[in-house]
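The data blocks that follow each hold one structure.
In the two complexes that follow, chain A is the common piece, with chain B as its partner first and chain C second.
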Partner chain A sequence: MKRLQKLGAYLFLLLIGYVFLFPLLFMIMSSFKPEQVIFADLYSIRAILPVGDLTLDNYRQVFEKSDVLLYFRNSILITSAAVVLGLIVNSLLAFTLSRMRWSGRKYILAAVVALMIIPIEAIVVPLLLLVSKLPTIGWEQGGLVLMGSWLNSLEVQILPFVANSFFIFLFYQFFRDIPKDFDEAAELDGATPFQIYRHIIVPMSGPVFATVAILHFLLMWNQYIWPIMAVQGEDARPVMPGIQIFFGRQTSWGEIMAYASFVTLPVLAVFLAFQKKFVSSLAGAGIKG
Partner chain B sequence: MNASTSVNSSDTLTVSSGRSAETRRPPRKRYVFLMSAPALLGLFMFMVLPFLMALGMSFTDQRLLSPNATEWVGLRNYDRLLNISWLVQEPVSDADNHLKQTADGELVYPRLRSVLRKNPEYKEFKEFTHWSFGDKRVVLLAKDPSFIQSIINTLLFVILVVPIQCGTALGLALLINQKLRGIFLFRTVFFSPVVTSIVVVSIVWSFLYHKDLGLFNHYLNAMSFGLIGPVDWLGDPDWAMPSIVLMSAWQAAGVQMLIFLAGLQGISGDLYEAAELDGAGPWGKFVNVTLPGLKNTTIFVVISTTIQAFGLFTQVDVMTRGGPQGSTSTVMYHAVTKGFREQDIAYGSAISVIFFLAILAIALLQKRFFDKREDA
Partner chain C sequence: MADVKLTKVVKRYGDVETIHGIDLDIKDGEFVVFVGPSGCGKSTLLRMVAGLEDITEGELHIDNECVTSVAASRRGVAMVFQSYALYPHMTVRENMGFGLKMAKTDKAEIKRRVDESARILQLEPLLDRKPKALSGGQRQRVAIGRTIVRNPKVFLFDEPLSNLDAELRVQMRVEIAKLHSQLKNTMIYVTHDQVEAMTMADKIVVLRGGNIEQVGSPIELYLNPVNEFVAGFIGSPRMNFFDCDVIAQTDDSLTLKLPCGEVCQLAADVSRSPGMTRVKLGIRPEHLKEDQSGEIRIGVDVDVVEHLGGSTYVYARYSGEHELIIQTGGLSPVRRGDHCDFSFNLDQCHLFDCNGLSLRAAKPVPLHTQAPVAQALSG
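After this line comes the complex of A and B, so read on.
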């Protein structure tokens, strides 16, 4: 009886697992199949298996028809710059909030917590006007000049997303729980607050840095609503608006699936490499947030 | 400064060490300033300032790129967004006092456009919808009917997606909370849609929803033995929003699943043993132990899912562009359409402010919920 129950549980899990995995597997497998094979395989288990004449034609077509490599490079630059800068500035603020006493600290902390409920959607429209008025400093004819606006650039996709109240709060919570003895000893030895941050707190905070890096990476790689507004030209376009435009004018499903697989690759790679960390960090973030 | 900083990191820190440290290096204030400034500047520039700008601009006629000077227009944007009215129309009768009818036997009413134009009270109003009561027809008017439609669509999405997504998440959490070998693998599988971009998910599901080729219609046809014909999931105004709901719940349930799982693991095993001693079966344990134990988790999950659902934009933008017939336009979709695509930043800002107030209302509701719980 017990064994039968267990078998039933596994069968049910497999069925539900199929429902959750099908679209992703279908996308990847179809990207290697010619159009007719995709449709021929569609209604059987073959849809999610790498069987039949597999080809890279879809990928070849995508690279030919769309500047996907440029978008990919842009996304990598935007994501890595925002994540690296974010880790530094967010943890620095969290350090002063959690381990230093200063007047106004409580108000700043309350403001950071309050900002956590504002979704990006609520500010994109006014943010668009703001960045359209901000000048960029450029190099022209041998001198520094103020040029146009921030629109259509990489920095317009990076700088607004560096400081993040939610990540500050995650750092704050982690730092707050580190025993104070370490800082005190260092302080007696004459360490400055920055030295304490750099040589004591940061080395002890690997898990929270990993959590925030993963969450920030996901947030940045999947950016959509902001770049479709702030970036019109191709030069600074990231991958998600790129695939949306490709989807809008393409009828070959094989090519669309190739594009989709290609831009999902980095996320899947990070996800599979750090599954445990990934899942636990998102769970922890959800509970604490 | 000295007195307050010398006790900074501990109550046991002696005053003398604090003072001697103070003399050897620059004051702590400078460190606090330098270390907190970058993030604070970022939050102010890109969160607080845009919001204040939205508030201010919503009372003007600011456009994204315009040579004309910006002017204050008071509450005009809000009036355009939210003002609704109604009128009652009598059917048209002919000279003999008989009601006029069309060839199909339907009653004829005065042309709404000319009625609205004649009456200054209805200036700028357009028809949103109408109902018939006997002979009479009640026409609901709005200055921006598509915004009212967007509010209704957004509420419909929230009302549908929150229970489906949270229910799915709870079910999945219960499944993976079993002690089975390899269960971690299933956790990863259930979670995989979350890491996939919603843009990519929307594109793949557009294929699954395809009227002629899609899997949904294939299975529907097979399971009903051909009785149920193909449904144009994303092309039918009645089905487009429910289709987006199903996909969205499927994509995001993994996050809430993990939160529920943590909640489940926080319930003490003793409670289950006690319930078992009282003769409770699996269902009894679920209702009397699991559900009460998950109360706080559930409140948190429901509120955060609700806030997220209000911002619905990407799925709509990729799959339906607000159509068919405006049936999937949402508050955020309308804000981007007006504020960005039609360059009416002031109007888009007014929508953003209304959106923000809605989010704030939910957050305050959440706080009241939690406060009440603490009183109890």
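After this line comes the complex of A and C, so read on.
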């Protein structure tokens, strides 16, 4: 009876796993198949297996027909800049909120928590109005000048997304559980608040930094609505709006799958690399995954 | 020189005052223990000396310099925390050298001072280990080593032995006392364990409710507690107290009726409390004798007997309602359920008025007991 129950449980898990893995496997396998093979395999298990006439033609077509490498480079720049800056800014604010005493601290914390429930879609229009009026600082004829607006640039896709209330709260939760004795010992050792953050708190907070890095990476890599609104030209376009442009042209499903597989690879690589720390941190921070 | 002087020190959290104007002089090289029950303010006071808590009112002088508003790191103090507070991502060497690194000390000098401290505390084989690879006692030694490296004027210990098992606690107690005799720095030590206070201190400061109850050498506090609280707190097991009726009083004596009905006369300074009708008589468990050689004999009903090998604790009831503890030497033949007689001498009794203040004249403190434990060990 117990063995049957176990078998049933495994079958159920396999089914769930299949539901989640099927789209991913179908996408990757189809990216290596010609159009007619994709449709021939569609209703069989072959759809998710590397069988039949496998080819790299779809990828070749993607690189020829679109500026995917440029988009990819833009996404890498935007994502890495936002993640690195975000780790610094969000963790520093969380540090001051959780470990320093200053007037108004509770109100700022309340504001951070309140901001967590506001979706980006709700503020995207006012944000667009704001950045369209913000000038960039440039260098012309030997002096600093104010130029144009932030629109159609990489920074318009980075700076508004550096600070994130959810990540601040994640850091806050983690930092709050670190005993205060460490700060006080370091304070007696002559460390400034920033040195306490840099030398004591940050090295002890690896899991939460890994978690926030992954979540922020996913958030930035998958940005779609904002780049569509804030970027019109090709130069600053990231990969996700690029898919829409590519889809709008005359393309085959195999090429679309190749494009999608190509832009999904970094996400998979980052997640698999940090999976262990990510899961342990979610458990440690008392947050359900 | 590193005297520590607290002048009318007050601590308030909002409207709540937790330390009520404390005056205290700690001399250079003294080992002072703050002792008291939970919530008495001993740790707060230590943290105020350390600079980890602001001083609301009053002044703090260290080494004749007013440091009331000086940052913790500039007061010349180092602290050992109850939790050790060793940085888990650093090796023992890095932990010990962190303070010097923050002070931008030359690397060679950091190494020299860490090695020297490690030698004093026998930590050399552990220098490259992380804290998680150390035992509780080793961690405690590293925490002490971290303070030694900085060569502070004043060492502060906040219940450093609380997390250790009983055997290790005794061992570390001796090590800290030895360290004091070796370094001869001023040390302030906080504990709620009066045995630690009695065995380590040159001077004990007994605190209650944010006030100092009494300051003195361990034996001075044991022999001459100024009030009922100190009498009950110092000494283990704690002193027994009985309410007694005052039958007659003169300027220098009281005639009392004990709960068992026996009448006795004791020398007492009653000038502060004329017209008393009731007083409290205190007698330490170790001053109750199994033989009948004492001046006063009392009959008790034995509830529990604890044989500790070297001594026996007898938990009993006196006159039906008064609970008392008796400590006898060796293995006592007394058994649970027995009714037996014990005796005591009146000169070993303490008397307290209705406000809890002592009515007995101070007994002379033997000279040899005034020598600090640390000095005795070094001698």
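We adopt the following convention: the second predicted complex is superposed on the first by the 269 of 289 C-alpha atoms of A that agree within 3 Å, B and C clash if a C-alpha of one lies under 4 Å from a C-alpha of the other, contacts with A are read in each partner's own complex, and residues count from 1 in each chain.
Quick note on the criterion: a contact is a pair of C-beta atoms (placed from the backbone, for glycine too) under 8 Å apart; a residue touches a chain by one contact, two chains touch by 3 or more.
None of these values were measured; they are calculated from a predicted model.
By the document's definition of touching, of the two partners only chain B reaches A:Phe271; chain C does not.
Once chain A of one complex is fitted onto chain A of the other, the partner contacts of A:Lys6 are limited to chain B, with no touch recorded for chain C.
In the superposition on chain A, A:Gly190 makes contact with both chain B and chain C. Looking at the superposition, the partner that touches the larger set of chain A residues, chain B or chain C, turns out to be B. When the two structures are aligned on the shared chain, A:Leu93 is found in touch with chain B, with no touch to chain C.
By the document's definition of touching, neither partner reaches A:Leu109: not chain B, not chain C. By the touch criterion defined above, A:Leu77 lies against neither chain B nor chain C after alignment on the C-alpha atoms of chain A.
Using the contact criterion defined above for the overlaid structures, shared-chain residue A:Pro179 touches chain C, although it does not reach chain B. With both structures placed on the common chain, the touch criterion links A:Ile200 to chain C but leaves chain B unconnected.
The intersection of chain A residues touching chain B with those touching chain C, taken from the two complexes, comprises 184, 187-188, 190. Those residues of chain A that touch chain C in the shared complex are 179, 181-182, 184-191, 195, 199-200, 203-204. Against chain B, the residues of chain A that register as touching in their complex are 6, 9-10, 12-13, 16-17, 19-21, 23-24, 26-27, 39, 42-43, 88-90, 92-93, 95-97, 99-103, 108, 111-112, 115, 117-130, 132, 159-163, 165, 168, 180, 183-184, 187-188, 190, 192-194, 197, 218, 221-222, 224-225, 228-229, 240, 243-244, 247, 253, 256-257, 260, 263-264, 267-268, 271, 275-276, 278-279, 282-283, 286-287, 289.
Across the complex, chain A is touched by residues 4-5, 7-10, 12-13, 17, 21, 24-26, 28-29, 31-32, 34-36, 38-43, 45-51, 53-54, 57, 62, 64-65, 172, 175, 178, 180, 183-184, 186-201, 203-208, 213, 215, 218, 250, 255-256, 258-259, 261-262, 300, 304, 307-308, 310-311, 313-314, 317-318, 332, 335-336, 339-340, 345, 348-349, 351-352, 355-356, 359-360, 363 of chain B. If you check the complex, the residues on chain C that touch chain A are 50-52, 72-74, 77-79, 81-83, 85, 87-89, 98-99, 102-103, 146, 150.
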